[in-house]
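Before anything else, here is the set of structures, which you'll find just below.
Here come two complexes built around chain A, the first alongside chain B, the second alongside chain C.
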Partner chain A sequence: MYTMNKLFLLTFLFLSVGIHAQVPTGDLLIRNGTVLTITNGVLEETDILVENGKIKRIGKNLKAPSGIKEFDATGQYVMPGIVDAHSHIAIDAVNEATNPITPEVKVGDSVDPFDLSIYRALAGGVTTIHAMHGSANAIGGQCQTLKLRYGLMDPSSFIFEGASRTIKFALGENPMRVHGEGRGVQPSTRMGVERVIRNAFQKGKNYKAKWATYEEKKKKNPNATPPLYNERYQTMADIIDGKIIIQCHSYRADEILMLMRVLSDFGVHRITFQHVNEGFKVAPELAEFGAMASVFADWWAYKFEVYYSTAYNATILTRNGVVTSINSDSGELMRHLFHEAAKTQRYGDLSDDEALSLITINPARQLGIDHKVGSIEVGKDADLAIFKNHPLSIYAIPQLTVIDGIIRFDLANDPADMRIYIDAEESTPSFYGQESVEGCLIDTDLMFSHQH
Partner chain B sequence: MTTAMKKYILLLLCIYSFTAMSVIRAQQVEKSTYGTFALTNATVETVTKGTLKNATVIIRDGYIQEVGTDVVIPKEAQVIDCKNLTIYPGMVDSGTKVGLQEIGSMSLTQDYNEIGDITPDMDALTAVNPNSVIIPVTRVSGVTSVITYPSGGLFPGQAALINLQGYTPEQMYGGFKAMIINFPSSGKRGRWDRRSDEEIKKDGDKAIKKLNDVWERVSTYAAIDSAAEGHVDYNPELAALVPVYRGEMTALVEANKTSDILAAIKWIKDNNIKAVLTGVSEGWRVADSIALAGIPVITGPVLGMPSRDTDPYDQAYKNAGLMQKAGVKVALRTDDSENSRNLPFNAGFAATYGMGKEEALKAVTIVPAEIFGIEDEVGSIEAGKKANLFVSTGDPFEPSTAIKHLFINGWNVPIESRQTLLYDEFLNRDPGVTPKAVPGKS
Partner chain C sequence: MRKLLLIAGIVLSIAIGVFGQPIEENMPQITGCIALQNATIVSAPGKAPIKGTVIMRDGLISSMGPNVTIPVDAYRIAADSLFVYPAFIDAFSYTGVKNPEADNNRQGNSKVPFDEEGNPSLEDAGITPFTTVRESFDPKEKSIAEWREQGFAIAHTVPYGRMLPGMGAIVILSGSETDRMLWKENISMYSQFVGARGAYPQTLIGVIAKWRELYQNSTQLVAHQTSYASESFVSRPDYNRAHEALMPVVKKEMSVYFRATDAKSISRAITLQEDLGMNMVIADVEEAWYYKDKIKVNQLPLVLSLKLPEDKEEKTKEDQDKKSAEPDSMATADTSKSMDVDLEKEAFEKRRATSLAEHRQQAGVLTKAGINFSFSTMNLKKGEFMKNIRVMIENGLDTTAALASLTTHPAKLLGIEKYCGTIEAGKMANLMITTKPLFDSESTIQYMIVEGSLYKYEVKEKKKTNAKENLTSLSLVEGTWAYTIEAPDQTRQGTFIFKESNGAVEGTITGNDMTSSGNNELESIVIEGKNVSFTFDIDMGGQMMTLEFTLEIDGESLDGSVAVGEFGSFKVTGQRTDKPE
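Moving on, here comes the complex of A and B:
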């Protein structure tokens, strides 16, 4: 009987995982805010009506169903929920650093709904993140776009339905250090990085050809033997077929050009370069290729390949027609991406809309979710962030963060139980500086144990 | 003109332009200029004496000669019209690695952590690289001075205040040095700390004992030194600590956890030394005790994580303001190297989260000057003070504000750094896309 029960339970669990998690959605009326739509200018004293998690109407003095939850945003700013195109929070594992090529692994398999960083990100107006594999491998794992539905327990309820598939690539020092220096295998140079990536694409292309041959054969002979299925090269084939957007950790201008060259040879064009500190040097080439860029506002000099950086990178890329976003790569920075975007008004003079686009519609484009989020438009998901003072001002304070019409952070009602781990004795005596290195190399410390 | 002459002139021109180009390439940024300057029609945020409208500031021989609305402009003065602009005292970042670190991941470019746990004789100023690319990047944000300090171990060495202009460490020296003490930290280090409670206590006691042992030796050494009128057997570590022991040199005592802060206060009082608490990330929990002890604080980064998981997300933003409101004298630091330029934004977050604009501005100007005992020299716009100031389009904490002019030690410093030069060069790159050079188009 016990075994039967267990079996039943297992079956039930299996089924519930198999079924798409039904994510909760809400109704909400936001009254009288200054609405920063991003794609349609600034609307003063405007209401937003949300029904079933979608933006239903935008306008003045909207009539609303009785009993609907209301939020008075008088004197406050309503912007689209912030999208972070590069993060490593809300996942248990970042780097599968055992091989320079691991396109078969998926970050989506290690989502951690209890990560405290989610609460902190929400408190900074972030609603969507791109949870990425790390930069240890030249071709890393597949990434996962998540909505920060904090409070839900099921990892699958964080998945952003309808987001494009994405995969992490990495150039330069990190794969060279982890594999060349740490494991004594290719790549240990930027030549090696090029070959490792090119070879993987070639194998993916060959794999694809084998299956195409098989499909042809099958037409004449239903009993033809199929090739051995290989998740690694199937994923490479999917990239070649344009089903996956590459998200490539990169810094130097030469390696950025290198990858565009390799991709051209395999007919691949969907790519966002991540970090891309020297993107400004090859901005015309990036624009011509149609590559996008996701950058830091001002990080530089933390390693040699970012020594020749400039905080004007986002401005130069934007002015050259490259779709650009500003990302965090850090649980600390993620709390104030609105401030990071504002820095483009010191380092260059982007308009308010251009600056806010860097953390809303542009990263949404880079993740293939701009049809759902990234701007305040009727029909889009009701993912919103409300601020006291303009979000680009240093005096901005996030008040309310909404996902699918449900309030996930409310400054006026920020209960202690949002913070899961309770240990009064716990503290980090020397936490300062811990965030100053990129989050991309998490889980690779073992590779360098001989150095410490 | 003959053809030969034309050729000769052309050759001369070529040589001239080549030489000129080499000169430009050899220097990081344009040269600073010195002399007499009149900044006119300005709004002046003096910090110590309120706001002046339509005022003039005269800078001569490195100092602010006059400030006011009724100022005679000297004939020789270079006039800089500051209509619609505001003059602020230069900001001071009270804890950085500027000049001591060039590249974060490359140890050969890092000069802040000497071998050994007890190296108080190490002097940061010695290793400051005046030509660090980071210096111009930092100062164009209005940060005119920084404390740069050694770290690692119990007594890592001596910090120095430097002005971010000059060609030698001596030219940059801001007139204040202090001894760094990393107060031993007790208790759990985090969720990953697997030590038992007894082990934790044992380790904590051991660390404190080490500190006290050193101090006892310093005490003995100082006594012999006095008795022997300076002819004591030389011990570099102990000799370096004697001025701290005698209260002649300030100690910057790093402590972050509540229990460590309280233990550090007790230790400072017991040994009667002149001290400033640094870090102090949990200072808000014991702000009253810090205020009661009358020990000033240097805290930051403001843009940091809460120290405990149970804290609200913005606890680090609020820390400085909570301490200041409790009566603690609070200065701010970024604890950064390449991004010390974010000091005004750290101050801005402190202002937003409880400290208020006025106090946050003081925390990066006059308060550090007071803590370093040089408030007669810097920290505000007053006649007789060093000309460390900047001119901006408005509130320097706002990212959209531009810094227009910068004076350090009276030098008119160009608003230029490698980062602005790269912007100038690459905004409209020439040549742009060369069709054949575009990947995929060949």
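Moving on, here comes the complex of A and C:
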């Protein structure tokens, strides 16, 4: 078996050119596809010209520079690369579960460029993921939006440049269980979760004031003493300053309303609720607040607080004007998010564009990357997914996945063993063919034994 | 004291100062001068061997060359057939350091106390940059003698711990007093991606976040202390032991030795260095080739691990070969398996073999890429050291680079190149004297000279005891023996048990305090005619001692002696109490 196929070699070539900063981009001409632009309708028999990783032109019979790599998409569907707004793949640490609030930790510090799940996600048309801290803490760590440039070795080359900073919050049972039950500290109840979050914001506010006072003093006295630097409360201050979008694990309507009240008290407005299974009950309130929602298509009743939900959730939220996405929270589900989006047509009759928006432009908005990805427009990043059959069809098969004009998955050239890192002592890789445990409560084993 | 040993009484009856003396040393040092006569000398990596004499006095090399005069008071070693090299320098190790984890029973389950912010104490957090290795250094720690025996005269050694265990020191691997052995203290800051147990920071992301915060606060403290010292009306700086201890790192007066064994840790350490800007040495590295371009561009000093992955496939093969070599084994039974080779497994195996080769080639590949490195013995078994160096040499590391990575490169890295790393007049008398050229597979160390102290090693003729030969004489010893050792203060009693195992003779010992180190297996059992000899390593309050038994068996009784280092030799008698059918 020759595992180093062309695709693989290609990425290695780029690697040797230069590891740092500059991520590789490519040129590509996609011929004659049915282009699902999302923001500008469907364009039949249309070409897309990609130069230096950006979409340069969209149109019929485009002239292209000679020698450019071409892909014939006749009879196939070209859509923007799928954006998964909630994922835990490609990172080596998910929960710093030793404190109810750990806003200072960043999962972006633990990016795992060798995670085979990245390639599997590519094989499902996913080009961007939101790698999230888990839900063990009321305020978990900062999340990281990643482009799935599988094949590159430097973890920093996976970072989505220009994406908004985001941070994980979690309400309800998980922080109560891990900290209240598991560690014997606040919060043990939903009231406690609110208190923990309020305290953190108040301390962030105080911290901010302390530094503002220092900056004032320093103008008159260059020897003024700065307060101790505290990365935890600096991060809270950044949230108050609107520099970070909150991504809050939540299920019940009452706790969703609770958090919006807390945020209002501290003047914070940027938030996406994650899971938000009872979002349909408070959709007008969410819309009024300007909160966004990222939901499962039809998954609930896996624990008590998430007993009440509906597959119409995404539709109801959408119809109420809430920017809504459908996410995976799973390395397996991520590989067919297009099916998950299609479920909204069975439950709620969303249009093709509305359904596809749930996994493209809407999650891009929630991550602050809609100026770069999420639709097929001139000037945007050439992050594309090409399907045989319409992506909302049950017969859809991903053919080609492109990031920055570079082919990262090609069904016609899809070797059996795509591992990059090989353990020299492991004859048969133990993870091969396996999906790791469900993400949200990884690393909390010490605190609590089971996962959901 | 539970660790009362067989010879504890003897120790007390002999002069007390004797205890710390090197056990390998056969000759009393009656003069501070040694002459190594007419040896083949490789004075530095890449230097052609010369025939000559080295004169050492008071811990220094006083002269060296073909025509030097030998002082009248010199202790002379005729080294005509021997080879002399600068002794090794270990760039990163735990040599001489006691592992406090061994005594610490607290595991993750017990609650760690924390303050109102939820933060544990610095100690529980594993953030102890203020700790010096002195606190856990023990001149009698057995690793000192073990690594000396492997050719090391100097080690950069660091304390055990978690995220920031503390500061390292340069240690001379000879002597009995901590003050004298710790040559240069607090020369490095040790860090690794190891979180606290059941406390913040527990995970990789916690450790990195904490590093950022500590570094920022230490930076602020440097500025604050400067203005506090020079200006008036400046409030007193906050005192935090960790921030204070990291000030030399912020000022770039002290390098951080970041332990990063695997590929991902290496890239994360590099990123941390880029983000914060400290001087960093990437240490105990096993997979540097993944990021070698970046290491080169960023000019990060590198300390390679001497560990190599175990080739399990090869081992299984060896085991199978051994099995089939046994006369009675079913040699044909296993071959049928190869008929239904799993193709997928075979493909995996191919890639695993490639990865294994990459590990073995790493040192050679880095040298060819123009990247210099030193070596680390951290967590390496002493028996693997020379074996692995030779594997690296077989896989492209040239011998000059190998020697440099163990002498001149670490000397430069640690800032001691003025004093050691080569054999030159004026430098520290750190020499290794071998029976064959250094990396030759037959070569063994006959003498070590560490700052002028001479250590002699028994050159054991590798007498391959044929299993079968030994077995024929099994009946001579097989069974249980009750022994009595007649030490001056009192007699000691116990049993030996000999039996056959895997075609060889195996033996165990029991007796008061004999097995305090948890191991009771006899080693190097040789049976010749009526004579039986074997050794047993005994833990004597942290220092390993070897008991060497030489016995003669006459039917059902034995008679002989046991040599206990320099405490002398004592009479042993015994009777067989049980013999299997």
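Couple of notes before you dig in:
By our rule, the second predicted complex is superposed on the first by the 407 of 452 C-alpha atoms of A that agree within 3 Å, B and C clash if a C-alpha of one lies under 4 Å from a C-alpha of the other, contacts with A are read in each partner's own complex, and residues count from 1 in each chain.
Here is the rule we use: a contact is a pair of C-beta atoms (placed from the backbone, for glycine too) under 8 Å apart; a residue touches a chain by one contact, two chains touch by 3 or more.
Predicted, not measured: the structure shown is a model, and the values here were computed from it.
Shared-chain residue A:E104: touches chain C; no touch with chain B. Touch criterion met: A:R319 reaches chain B, while chain C stays clear of it. Once the two complexes are overlaid on the shared chain, A:N223 sits against chain C while remaining clear of chain B.
In the superposed three-chain model, the partner touching more residues of chain A is B, compared with the other of chain B and chain C.
By the document's definition of touching, of the two partners only chain B reaches A:Y307; chain C does not.
Chain A residues in contact with chain B (one complex) as well as with chain C (other complex) are 416, 419, 421-429, 432. The residues of chain B lying in touch with chain A in their complex are 102-106, 133-134, 185, 187-191, 256-258, 260, 279, 281-282, 300-301, 303-305, 307-314, 335-339, 341-342, 345, 348-349, 351-353, 395, 397-402, 418-420, 422-423, 426-429, 432-433, 437-441.
Residues 1, 3, 16, 18-20, 92-93, 95-102, 104-107, 109-110, 112-114, 133, 141, 153-156, 184-185, 221-223, 225-226, 228-231, 416-417, 419, 421-429, 432, 443, 446 of chain A touch chain C in their complex. Listed in rising order, the residues of chain C touching chain A in the complex are 108, 111, 118-119, 196, 198-206, 208-209, 212-213, 216-217, 220, 224, 227, 231, 233-235, 237-238, 240, 263-264, 267-268, 271, 290-291, 293-294, 297, 309-313, 343-345, 347-352, 354-356, 358-359.
Residues 116, 119-120, 123-124, 173, 257, 260-261, 263-265, 280-281, 283-285, 287-289, 298-304, 307-312, 315-316, 319-320, 331-332, 335-336, 339, 342-343, 345-348, 392-397, 414, 416, 419-437 of chain A touch chain B in their complex.
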